[in-house]
Amino acid sequence: MNTETPILEVNHLKAYIPSSKGEIKPVNDISFSIKKGEIVALVGESGSGKSVSSLSIMGLNASAIKYRPESSILFEGQDLLKLKEKELRKIRGNDIAMIFQDPMSSLNPVHPIGRQIAESIILHKKVSYKEAMKLALDLLNKVGIPDAERRLNDYPHQLSGGMRQRAMIAIALACNPKLLIADEPTTALDVTIQSQILNLLRDLQKEFGISILLITHDLGVVAETADRVLVMYCGEIVEEGNVEEIFENPGHPYTKGLMDSIPSLYGPSKDILDAIPGIVPNPLELPQGCHFVTRCAFATENCHEDSPTLKKHTSGNRVACWNPLIKEGVEGR
Amino acid sequence: MSFKTIFQRLMAEKLAFISFIFLAILVIIALLAPYIAPYDPFKQDLSEVMSPPSAKHWLGTDGLGSDIFSQLLNGSQTAIKAALFAILLPLFIGVPLGTLSGYFGGIVDDIFMRIIDGIIAIPAIILALGITSALGVNLWNAMMAIGIIFTPQFARLARGQTLQIRSEPYVEAAKISGAGSVWIMVRHIIPNISPPIVVQASFNLSIAILIETTLSFLGLGAQAPDVSWGNLIQQGYSMIDMNPWMMVYPGIAILLTILAGNFLGDGLRVALDPKQKSS
Amino acid sequence: MFLKFLLRRLLYVIPMLFITTLIVFSLILLIPGDPVLAMLGDSATHEKIAELRQQLGLDQPVMLQYFHWLNNAIHGDLGRSIFTGQHVDEALMQTLSVTMQLVVVGMIFSIVGGIFFAVTSIYFPNSWMDYVARFFGTLGTAIPTFLVAMILIIFFSLKLNWLPATGFTSLIDGPGTFLKGIILPGFSLSLAGIAVITRHLRSSLLETMDADYVRTAYSKGVSRYRAIFKHSLQNAMLPVVTTIGLLFGTALGATVVVENIFAIPGMGQLVVNAIEQRDFTMVQGVVLVMIVMVIVINFITDIVYALLDPRIEY
């Protein structure tokens, strides 16, 4: 397969919630693609629309969330938004799998781990329960759970936090998915466990060539893991680029603010508020022009009137900003 | 939270408010029953046995020619009397006992709670039967039995709430500033534990009427000259072939009153919840 | 390990039994005036009075009376009926199995009906099934059992003549007649239970339907059916198990009403007759047995809960 062909292509995704007080647009016209074997990070604060975006790919958003007709999510050329529930079920867990933030609440407390992995296999492959359990055992070994044979019959509460997330990953990998969506996979974990899980994800990506969409608010996680970065703010992508470029030379003041809020890769992350003044605006009362204008130190008159669109920045990133930051001395590179 | 805001919130819960009005009217009817009843409920008129509803007898007459409407009014008096007594007794005995036990704790509290748990484990009807059988069969003793059943429930509720409030900062502050135990209980604890107790009392109103009518139905509650809806249904059932409506009226009365108590309880739970935002 | 857990739970049950039996015993203290005279009436002979006084041991201190009574009770001796002279334990043996059959049928109806209504209500939200379930959940606890029983008799026995209004055949004596005779009493007994289970399970299901692990299940590609039955329901049932245990006690109490309306010769009928005959020892015996049954059921409920919830450590 040509590695340049994107496995997932999101085009003009517009999700909205009709309500009596006006329309809320959790995701407003975002487009991006993920190539085979690529790890793409979707970064933003809570309420930026990153979770809604990822759940639209799975077709698991609450029924209140609707999509505009021009939106499309192409997975291997098939538009997921147009598929029937029954067809989507064949893709979920099979071609696209997902892991969630809190492995404790995301695992069924009354089923043993092995059974939860096996369920995924049985749903998509014609194998017996016994064979599925054997495969589940292999998976537990693969994700680095020691003494896997015994763990197969353990319940989630009997595992440690890191082991639970490994078990979650084993469930997600059960059917060799092509795309893995990891929604804040390390947020609920201890700092030391965090990097173990991230290493595991990276190893798996290398070994199996899985594409990963990593949803996070933590740029530290991004720096460790991702190839490419999408920064979201108020339902829109404000900056996109390779991870090195973004870190070396952020174009959007918001990206810069996010980066200033990481004290160090392994330390506790500082509050975003310290680096960026103000709060995320109410989704019903988004400011006119650039949505970041209320918190931006570089805002000019133009920013209050027109919304910026993504444009190629001198660094090679694409930035949606009227006054992108330019690091001195970079221009001639 | 002022009384006014609580009332306004209760108004917002439509069903609860209707229930509140219904119960208020029922209480007034019960108080006035002897005066507004068109006939003596026991006056027999053998010339008008089993008469259908008419202008003279709104709901007709029973097998002895007594006026069913008047009996129904008297029955409401019995129901309300039983319900009020069964709630007031535990309020005045159970709540203080539970509060004291929870506030002071210790071994006395442990033993007290064991006994309370023991009584609560006994199904209400069974305990009621045991108590009425010991006290003797009449309405007053049935009411007493229901009161005895509810007392440990209220004591346990009051104790649990007190345990929570006891360690609140404002209680600690009052203690440090030298307030006596009685003062703290009356000024801080009782006012703060009352919302869940009021809610419970509303639900118990329904349960009390349920038990009272059941005992009376079995012939173990109200005896003449007291009239209970339970008696009326029992009498109606024995004459089901001749006049099925005799059963229907008291049946509806019981059903509506119990539903009203339940809805009021649901509404009060919302209205008294400080966390609930008024919408 | 499980045995140890059982023993620990048993250790909790013993003081419970002690306290409740003490309560049952001390009911006698509630009898106004001289209990012996109250039980026998004014016309009793001196001989009889002395005999009963002897039987009850009323000349001894109260605690001693209690231990005497408890000791006898443990050995199956609950005294003799004041009215008929029959041994109380014999009367109980005859009626216990009848009441048990009725309660078990009632509980089966409650559990099956409650789960059915709760699940259909969740599976078809805002459909007529949902409204029926919610209506049932509200109304079921507001109708007194005796009213339910009579309404059922009026329709199914008197009007339609489908099912008998009275009588009881034991399951062993004739399963067919047993079933025919038990449907109406069993349903009367279960209505409140159906309502309580429907309400509790429905709200519990609503919570678990939104749980993260159900979202995980959907992300694996399970159907809505599977998500509800394999993931949501099993978790939602856990708190309901405790409710079901408590309902057993309520149902046992309600047998008193149901047995009297349907003329079923069980403990409920026995106790009402005994109260009317001022047969206090008989009442005491019935109340005691019923309470012991409730405590045993609560004990079993605790164990079932522990078996169903893997998070509970033995």
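A few notes on this one:
Order as written gives the chain letters A, B and C; numbering starts at 1 within each chain.
One rule holds in what follows: a contact is a pair of C-beta atoms (placed from the backbone, for glycine too) under 8 Å apart; a residue touches a chain by one contact, two chains touch by 3 or more.
What you see is a predicted model; the values in this text were computed from it and never measured.
Chain C has its Cα centroid nearest to the centroid of all protein Cα atoms in the structure. Summed over C-beta pairs in contact, the chain pair with the top total is B-C. Our note on geometry: chain A versus chain C, Cα centroid distance of 53 Å, whole angstroms. Each chain gets one centre point, the mean of its Cα atoms, and the points for chain A and chain B are 56 Å apart.
Each chain gets a centre from the mean of its Cα atoms; for chain B and chain C, those two points are 23 Å apart. Per the touch definition, chain C reaches chain A in the complex via residues 211-213, 215-223, 230-231, 234-235, 238, 308-311.
The touching residues of chain B, when paired with chain C in their complex, are 114-115, 117-119, 121-127, 129-137, 206, 210, 213-214, 217-220, 230, 233, 237, 240, 244, 247, 251, 254-255, 258-259, 262. Residues 58, 60, 89-94, 97-98, 100, 102, 105-112, 119-120, 123-124, 155, 157, 168, 171-172, 174 of chain A are the ones that touch chain C when the two sit in their complex. Across the interface of their complex, chain B is touched by residues 15-16, 19-20, 22-24, 27-32, 38, 138-139, 141-147, 150, 154, 158, 249-250, 252-254, 256-257, 260, 271-272, 274-276, 278, 280, 283-284, 287, 290-291, 294-295, 298 of chain C.
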